[in-house]
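Both complexes below contain subunit A, partnered by subunit B and then by subunit C.
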Partner chain A sequence: MIKRDVLVAFSLSLLVLSISLIIWLEGYIRIATPIISSLGESYLYYSYNPWYSNYTSFSLNVVSAIIWDYRGFDTFLETTVLMASIIAIYTLLRGFEEKVFLQPKGLSTITKTATKIVIPLIIAYALAIATHGQLTPGGGFQGGATLAVISSLIIAVYSLEFLYYMGYRSKRLVVIRGLCLIGLIIVAITPLLIGFILNTKSYIFQNMSKEDSFISMPSFLFDAPLAGSIFFYNVFELLIVFTGLTTALMLLSLRDVELKKAFEVREVYE
Partner chain B sequence: MSEVFIQLAFRTSIIAFIVNIAIAMYGVYTRPSLIKKFICLIMFTDAINLFALFIGFRVVNNTYPKPPVLIREPVSPGELEEFKYIAVDPLPQALVLTAIVISLAVFMFVIGLILVYYEHYGTTSIKAMRSGGVEEVFE
Partner chain C sequence: MSELNLVFYGIGLGLIAIGSFFEVVGAIGVLKLPSFFLRLHALTVSCIGGSILPLLGVAILAIGLEEMGSQRLFITAICLISVFIILILAPSGSHSLARAAYNSNTAPKQPLEYDALSRGVNKD
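On to the complex of A and B.
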């Protein structure tokens, strides 16, 4: 075994040396030069450009514009991958039951009070990240991940029992997730339906008006750029990621008593 | 002078990334504990993602590069032209965001799988699993 370990370490160090040599010899990889890819430049130019209203998305944050407008379908499928992983964890732990009246335990009162103070701040920050996704760096996924910190804090400090007490059940969360995914689909096909009613051409995931279709989502709310559907996508994505991560955290921190039946069931099948 | 320094700093950090990748691969291949393999896998994806971000970076003459976010609404097309030549590439950032979400989904499943393995065999070491489980191996 020791001989094999040494061999692996030696070959990996050779790999390191060879790749660094290739990068050092220049020309193979373009890093820290004045030139970037022309596709990236065109995104930078058209992301918020009122003078080319057929190409723009009215989003000041270019990354948000790429994620939800120019490559929206990718991001939708990515969201479904997140959903699929939750379902996979469900099938792994099938047969578990959530028991509500176990004795709740937690950390000391000092920690609990500090958590109480921190939680509203986290909620405000996460909402700001998600709803300002088209204006500042951030977006739905980042906001949802920030919001999921709350549930991990509660599980660590107050115990899982407190989440049950607040009404969180993994099945309810999955239902909310499904509804939010349907909401994403509804926002995506809204321009299609409007086009069908008005008898004009329109596209799925259409945000602003294109050359051959004048339908567009609202680009401004009073004087703040709303970036059309990007705002709605971000809000739905916030809920999806929050409920998804919370479900995963709850499933992975189930107590032994709750998991007992799941593993018994599996042994019977085997 | 400053450009030379930036190039040097970048290459050093890239070599650091590659060393990081090598250590992570070593962990994935040789450590018997599944938890350690998992940690090394996370290290591996993070190093790759940072590497992808570095490709989008750019050096601008006389000023610092800007993030791909407009600070205020542009008043003239000239402002956008200037922004185009100062901001870093947004494309790798968007792709890395997608990659992070998908790797998170995969890792959540993998950690659930490790939990089930631990419950079944009583250990997370694959060497102990091969010999029937239960016995402890300190490695």
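On to the complex of A and C.
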């Protein structure tokens, strides 16, 4: 047993040493290959490039530009897949009723106060990740996942009843999700509708003006790059991911009493 | 590098060295101590001493690195905010762990010197 422990400790320290060696070497020699494929080069070149207004998306974050502008339809379908997974949970648990008006009972006051201090920080950080998705690394999905940490914290510290007391119901969350998905579709077909009214050519999921169509979403808000539809997509995606993950957490988490019952059933089986 | 910056550099490196000492002490404690509550104590030693002191060290060290320009103040602020968050969260996390283990009677309490909770001194 002791021999195994020594072996594990030795290999772990070797891992840390080799990672730090690589980080140190990176300042002196080139480790990653300097060759980028020509497609990747063109993404890097055009994603924020005001001199080529037909190809650019005015997004400083190239990942956001690719995800929501250059392959927007793909990302939209990914979002609907997340919706479908929540619907699958609902189908599995049909006939399930939420017990709403139980007394909230959580952990001790110390833990509750610490959570109360941290929750506003998490909210601010998640909103910053989502609404600055076109400027800094991040985006709607990452912001929504960060915001869903709050509901898991509340379930763990303040208990599930507190979430119901605050007005969360899984049906309401699914309705918000559906509305946000409709909002995504509306943003996507807005250039199409404007083109139809003005009788010019336009595309679905169009962001900036193209060679044969002059319709363009707003690229700047005062002096901050808004990147057109990418900002709206990120905001809607934030709400969709937050409500989706919160619904899954609320449906899948068990109360203390229910957990004890589950253990009793398992003991009877064994 | 001026003399004041050299002082900052020395203080920062010293704090990081003290922090690594606490980490080693905490690791030995987690491996060697007999019961859950004592191991939790060792964990808190390495969490507070081993992460807050090095973060403060990095904050002071970054002030001294003048060639980094205004970027060094960002590093300092990030380190100080992380210190604040860890100081709030690490004790409350270990508190809730200890409380859950005590109330549910899942961890053995031996070796035990004095148990104030069982005598009704502080019921919460």
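The definition used in the following text is that the second predicted complex is superposed on the first by the 221 of 270 C-alpha atoms of A that agree within 3 Å, B and C clash if a C-alpha of one lies under 4 Å from a C-alpha of the other, contacts with A are read in each partner's own complex, and residues count from 1 in each chain.
By definition in this document, a contact is a pair of C-beta atoms (placed from the backbone, for glycine too) under 8 Å apart; a residue touches a chain by one contact, two chains touch by 3 or more.
Here the structure is a predicted model, which is why all the values come from computation and not from measurement.
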item	value
Touching partner for A:257 - first (subunit B), second (subunit C), both, neither	neither
Subunit B versus subunit C as contact partner of A:117, first or second or both or neither	second
Partner, of subunit C and subunit B, that touches more residues belonging to subunit A	B
Touching partner for A:204 - first (subunit B), second (subunit C), both, neither	neither
Touching both subunit B and subunit C, residues of subunit A	none
Of subunit C, residues touching subunit A in the complex	85, 88-89, 92-93, 95-96, 99-100, 124
Of all residues in subunit A, those that touch subunit B in their complex	4-5, 8-9, 12-13, 15-16, 19-20, 23-24, 29-37, 39-41, 43-45, 47-49, 51, 60-63, 66-67, 71, 74-75, 78-79, 81-82, 84-86, 88-89, 92-93, 136-137, 139, 141, 225, 248, 251-252, 259, 263, 266
Subunit A contact footprint on subunit B (complex, rising order)	6-7, 10-11, 14-15, 18-19, 21-22, 25-26, 29-30, 54-61, 67-71, 73-74, 77, 80-81, 83-84, 87-91, 93-94, 97-98, 101-102, 104-106, 108-109, 111-113, 115-116, 119-120
Complex contact set, residues of subunit A against subunit C	107-111, 113-115, 117-118, 121, 157
